[in-house]
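Here the chain labels run A, B, C and D in written order, and each chain numbers its own residues starting at 1.
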Amino acid sequence: MSYVLVVKIGGSILSDHEVYGKIADKLSSLDADRVVVVTSALRNVTNELLAGMERRDQITEIVSSIYDRHLNVLSKIADGVNFERAFQQLSKLSDELFRVAWSVKVLDEITPRVRDYVLSFGERMSVVLLDAALRTYGLITSGLPEPVMVTDENFGEANVIEFDTSVKLRELIGKSDSKVLVVPGFIGVSPSGKLTTVGRGGSDYTATLVGRFLGAEEVRLVTEVPGIMTGDPKRFPGAKTISRLSLEEALELALLGVKRFHPRTFEPMFQTNLRVRVENLTEPGCTIVEGTCSDYGIKGVAIIDDAKVLSVESTRMAGKVGSAAAIMSEAKDAQVNLISFSQPASETTIQLLVNSDSSTKLRERLRTMEGKLIKAVHETDASAVSVVGCGLRSREMFKRVLEVSSGYDVLSVSRGLNRVSVTFVVERSQGEQLAKELHRVVVSG
Amino acid sequence: MSYVLVVKIGGSILSDHEVYGKIADKLSSLDADRVVVVTSALRNVTNELLAGMERRDQITEIVSSIYDRHLNVLSKIADGVNFERAFQQLSKLSDELFRVAWSVKVLDEITPRVRDYVLSFGERMSVVLLDAALRTYGLITSGLPEPVMVTDENFGEANVIEFDTSVKLRELIGKSDSKVLVVPGFIGVSPSGKLTTVGRGGSDYTATLVGRFLGAEEVRLVTEVPGIMTGDPKRFPGAKTISRLSLEEALELALLGVKRFHPRTFEPMFQTNLRVRVENLTEPGCTIVEGTCSDYGIKGVAIIDDAKVLSVESTRMAGKVGSAAAIMSEAKDAQVNLISFSQPASETTIQLLVNSDSSTKLRERLRTMEGKLIKAVHETDASAVSVVGCGLRSREMFKRVLEVSSGYDVLSVSRGLNRVSVTFVVERSQGEQLAKELHRVVVSG
Amino acid sequence: MSYVLVVKIGGSILSDHEVYGKIADKLSSLDADRVVVVTSALRNVTNELLAGMERRDQITEIVSSIYDRHLNVLSKIADGVNFERAFQQLSKLSDELFRVAWSVKVLDEITPRVRDYVLSFGERMSVVLLDAALRTYGLITSGLPEPVMVTDENFGEANVIEFDTSVKLRELIGKSDSKVLVVPGFIGVSPSGKLTTVGRGGSDYTATLVGRFLGAEEVRLVTEVPGIMTGDPKRFPGAKTISRLSLEEALELALLGVKRFHPRTFEPMFQTNLRVRVENLTEPGCTIVEGTCSDYGIKGVAIIDDAKVLSVESTRMAGKVGSAAAIMSEAKDAQVNLISFSQPASETTIQLLVNSDSSTKLRERLRTMEGKLIKAVHETDASAVSVVGCGLRSREMFKRVLEVSSGYDVLSVSRGLNRVSVTFVVERSQGEQLAKELHRVVVSG
Amino acid sequence: MSYVLVVKIGGSILSDHEVYGKIADKLSSLDADRVVVVTSALRNVTNELLAGMERRDQITEIVSSIYDRHLNVLSKIADGVNFERAFQQLSKLSDELFRVAWSVKVLDEITPRVRDYVLSFGERMSVVLLDAALRTYGLITSGLPEPVMVTDENFGEANVIEFDTSVKLRELIGKSDSKVLVVPGFIGVSPSGKLTTVGRGGSDYTATLVGRFLGAEEVRLVTEVPGIMTGDPKRFPGAKTISRLSLEEALELALLGVKRFHPRTFEPMFQTNLRVRVENLTEPGCTIVEGTCSDYGIKGVAIIDDAKVLSVESTRMAGKVGSAAAIMSEAKDAQVNLISFSQPASETTIQLLVNSDSSTKLRERLRTMEGKLIKAVHETDASAVSVVGCGLRSREMFKRVLEVSSGYDVLSVSRGLNRVSVTFVVERSQGEQLAKELHRVVVSG
């Protein structure tokens, strides 16, 4: 098979017309037989569509302005026949979107199916622009503004049907002669033809899936920043780009890092030789994700600030089969995600870390159990500080990290996949300081 | 109201006839208007009865030998009219027990109700012996070989009906003129007259409940050892008796300490001035449980050795409401108690610490979820090392403890009630060493 | 309070512009202080809207033609200022409907809420026409094209919130000075403002509810036929209008009669003096529904032809608690309505009468139970022939009816509310003949 | 294969020692290669054992007297070596039963397993007596006081495991040389060796099962009466023995007839040539059950007197999928068996016929639904009068029956299996008269 590259163009860099030249340059420079470009919607478009679905009385204005913006970009990146062609495609999509938006406004109701349908326009219109730009810059390109993933109809969080997707991808690549194929990320289509989405951050996941199914050498996730960073540069002054991550580290950082990936982004790498490179268009650095743990570094620090610990206390839970299930089921029924949780061996307390937003509704539910399984529920502002790195598997390095934490009033410590991450839950007043101190270790480590 | 003391006589010290003199001495020396003595069954009797219910073909021989043992003790601790009276009571109980045992053997079946009924004889016969002994030693005593607690019919783990129990106790104390009243621990009676038990270690819990309901000043839990110890002396050479514990510390140590208490033992102390003293008959030391955290010491170290960590891994759990509930429900359905558990903020892994015995059945259940919510389940031999002490609430002391742990490959850290305990889960090979090192801090701390 | 009449104008008579003059005449002739006119949609409009929601690609054409038809009628029944005013109202509603229809077409999806919303236009546009016509004919009229019933949001079969509806109605009547108030039947509005419907035939039910809440003397249900008939005149040549029905008879005939009423139509009559008169515009006859059983007549005969009996046989159901529930639950899960059912005392068979349409899906489900609870399921074409009349409560009359049936192979006999109805299930080949023979008894009886 | 007969000896005739000679005579006279005799417990023994399990303080006296009665019979029907042998067997069983009874008394508790175990002694001891008597009368006999049916462990109503039972039976018959094999009815054994029962009347069912599995020509159910009767002779003076019944008629009469059979008694006849003869020891008549409907007679009349009709009324059930399921589920949850039920096509009423005993608890449950699905529940004393006969399939005969009923205020009519039965529900005051009138038709028919 030929040498295939997959390049995902993140929405955050699709902010204006100027970026298209850089993208064209980057793609031209790639030494590959085939390049599949997976594109996100233009910057902010997904958010604007979501906002429109909330404020339905303004949705037509919102989609109008989205169309204007695409047209404006198009007029600057394409001309002649390429402009014509893209203009027609864009108008067609825009008409469809406008009709949908208008309908949503009239009916004043959004179903999960319609939500996904509306969102799909962001990626589909983006494909048209990128395709036109690349053609104008002289690349031999095919643009396909339709989904490449086949999924079930679990709208909003659709599951990829792997076999069908793999067949579909191979057919697509077989039909086209162009070196470059531009396709939308994030969106899928069900066997009965309904448009779906795979969840926020889904374009990266689309790219790695495409990479896997086409047997690509490398997937490049082109984004705003020159790679995955050791920490949030706004909070940690010395934060820098991580040059290399193992698969385990990447899986742990997917949800914890400054840039949040779809949780399944790196999953297609399992049992393949696929290499993922996170980079931007201009800066020299990048992060390579490849292989399993082989070094002993520590790679990054993350902090979740806006959280609360609910401490559930009782002597009646001790030794009682099912008490954890009873507590966790309350969280489930309250539709509250548990960021972190822990229970000591005395079984007198269960600590649940949740977003500040959802804390009250869970606390209220748990309080109805007081006097039965539960004695009392306490709530404390808290932060979760996480460190990621294969180095945490070495006694030496883990010792350093634990020693740093020993200066803080740690509420719990939990370790992630293959021990390549560790989360410290502390009172919120200590969170930032602990994170910064740990980050210093990382950077200097 | 008069000055009331409650003294619980543990089964572990009721090993032969010689102990009764010492008990009589101790009770004689008490300066109280009324003493309620709560007694356990003679040493090992409960275990033998349980064994008999398992090996039902031998149950009649087992209860015969239990009767012989009681008669043998009686012959040495009582004479004259006291012997006569106790002999009759014992024979009556023994006849009843023998009939029950024989019936169990014939029907070859045990229901939870019958199990509690059989177990009740241990405490009831023990009351007869202790009453006879105290009379022989000249104390003015009433022995009541019937339950003092009123409970529901949740056999094996019956819940005390507080109001009814309180009324019943006050009636009992009102009817009797004797200074000393001997009653059985552990067993209760339901409103419809069925015998029940409140769970292992229930005699201590009986004593504190009696103390609470009679407004006692102090409850003395007389046992084999001169108090609650800093750690298991067989494992920690320098282990010694703890002189004072707060209620929080006691609650945490109930399940963790060398001597395992019923989890609700110290619960009746809430919002009372009740003082609990754990002591033995001969040695000078004792442990006083009283009040809430006021000092900054660390009191004890415990280790659970025979455990396994199940690491449940998946990228599909991340951010998904209800994934913890799904995992915990499997544990519930498998009837597996979770000693400790934790989840880091990346939400990629849930660690469950369970007894080695129950690990396999939980692992098998979880494996049926592989490919759906779960990616993989790993099993590792593990230990849970816990430290208890109000001192853990001080930054300084907690730092010392965390620093000690930093030399080990800690899998999780979780904190208990009001932060007076902390549990470290480590690989089993490191457990004992960590525990010993922490114990040194405690003892020297 | 003043003398109030409620008049419901059925959709079946709203077939062209000529009818409006007759309606105006009728209303003018009424001797009442206030007349509330409850109107249905024009003939067939509800069916056309339903068809449009099924064939969504044609829905805009369908609503266009509905609008044209209303406009056409309007141009013939109103002129001058009344035309102007109604034209504007109609255009506004038509615009709204057109937008909704177009949106439904675009999104290609119907939710229960949207379905009710679309249907509501039939009645709302009908109010406009009727109001305009009455004004043109010189009546002092207020038209209110908005719902008068407050309901929950059980779209398609919404339940009336009685207290809120009663308050709302009294406010409406208080605000208006006109003698005649025209309001829509069938549709309601939820407390949060969503449009709902109460189920097919709901305009009659609206009228009786309005009658009850306004303390009306009489409710007139003006329809195509001069009252409720003894039977379907197409099948029973001598069928004639029933002059008087008791409440019980009306409740039984609601679902059985030639004209099918909403099942709750007569319910608002309970514990009131409300009188309901079913009549048409031209013919002299009418049916008065009033009071409880007082005569001994037999009033009507009905036949359900297109049905099947499923006979469920087993010796395992005999004496078994829950076997009927198991069978009935299958019908529920298959979404099949049971027209009639019976079980003899030998408990070997349960007979279920269902529509021919739904028979197969229920039979298939029941067959999966064969070998377990069920031995076999047989299916037979069947008819249900029902007779209604207070006379069935007299031994004499019931004997006559039973004697007639004795010439047929009756599969089951069941009696309705207060014994004023009886249903015979027979093989389909015998159904019509039995019905005709019974009808002869009725007419001659 | 040889010519096999199965003879079931009913408990009702095993009232004293004198019957054994008659049984021996009957068996001697049979012209068959092998005779399997299935025996019930002696008259009243099962009831006495059940009473003993209720009045557990008297159970040992009850089983003593049961033993005495068996011994007394034995002393009169056997001597010499036959007495010796049976005495030993009986003593052994009696010892076992006495031990069990004593245990039940002591533990004062009955589990379903123990109940079946206790009941099993009735049949097992009866086998010993019958075997001894037959030997004494010179028959070549083997007695096997152990179950021949293999069942699951659904104690009290165990389900036969057909394959295992068939294998077991063929082994038994293969091992023995005796012409006559005496085995117990009613009881079974689970694969793990626990004793079970198949429900009241289970000996007849045992006999037909044995007949089926051994390919017998005929099964004779020898009982108190000379066959199945047209009706209860205490109520219907002209009642007489029915000479021939088809399988369908027998299935219908199983639960309805004067003699109540286990509901599955005739099931083993399906798709075999098995003939069942119901007879007694002395009188000439008998009832032959054989083949399917071929004549046009009416065979019997039954009446259930002590019943109530609950009429569940509502206009909200009409046309509503699931309303019957909701009502029936209440009956299930209340553990109430429905003798008969019906619903007319107006769907305004569901009539449930239940035993008077259970009426109140069902009515109370249904009343909690008033105001929701249900408008009101009425209760009336009622009787169910059933007629059985293939003749009901002929129009002529059914007409006569319906005409009789037309003189009564019939609440419902329902037909059973293949239309060979019909049940009339009437008010209780009319029940007996209707039954008598119908019986006259039958007898003269």
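To be clear about the criterion, a contact is a pair of C-beta atoms (placed from the backbone, for glycine too) under 8 Å apart; a residue touches a chain by one contact, two chains touch by 3 or more.
Going by UniProt, the chains are A, B, C, D = Aspartokinase.
Bear in mind the structure is a predicted one, so any value in this text is a computation, not a measurement.
Considering every other chain in turn, none proves to be in contact with both chain A (Aspartokinase) and chain B (Aspartokinase).
Across the assembly, the mean Cα position most removed from that of chain C (Aspartokinase) is the one of B. Each chain gets a centre from the mean of its Cα atoms; for chain A (Aspartokinase) and chain C (Aspartokinase), those two points are 54 Å apart. In whole angstrom, the spacing between the mean C-alpha positions of chain A (Aspartokinase) and chain D (Aspartokinase) is 69. We define each chain's centre as the mean of its Cα atoms; on that basis chain C (Aspartokinase) and chain D (Aspartokinase) are separated by 50 Å. Contact with two or more other chains is made by no residue of chain D (Aspartokinase). Chain contact topology: the protein chains form a single closed ring, every chain touching exactly two others.
Under the contact rule stated at the top, the pairs of chains that touch are A-B, A-C, B-D, C-D.
Contact residues on chain C (Aspartokinase) toward chain A (Aspartokinase) in their complex (touch as defined above): 99-100, 102-104, 106-107, 109, 111, 113-114, 117. Put simply, chain A (Aspartokinase) touches chain B (Aspartokinase) in their complex at residues 251-256, 263-264, 266-267, 302, 304, 313, 315-316, 318-322, 324-325, 327-329, 331-332, 335-349, 351, 353, 384, 386, 388, 395, 398-400, 402-403, 405-417, 419, 421-423.
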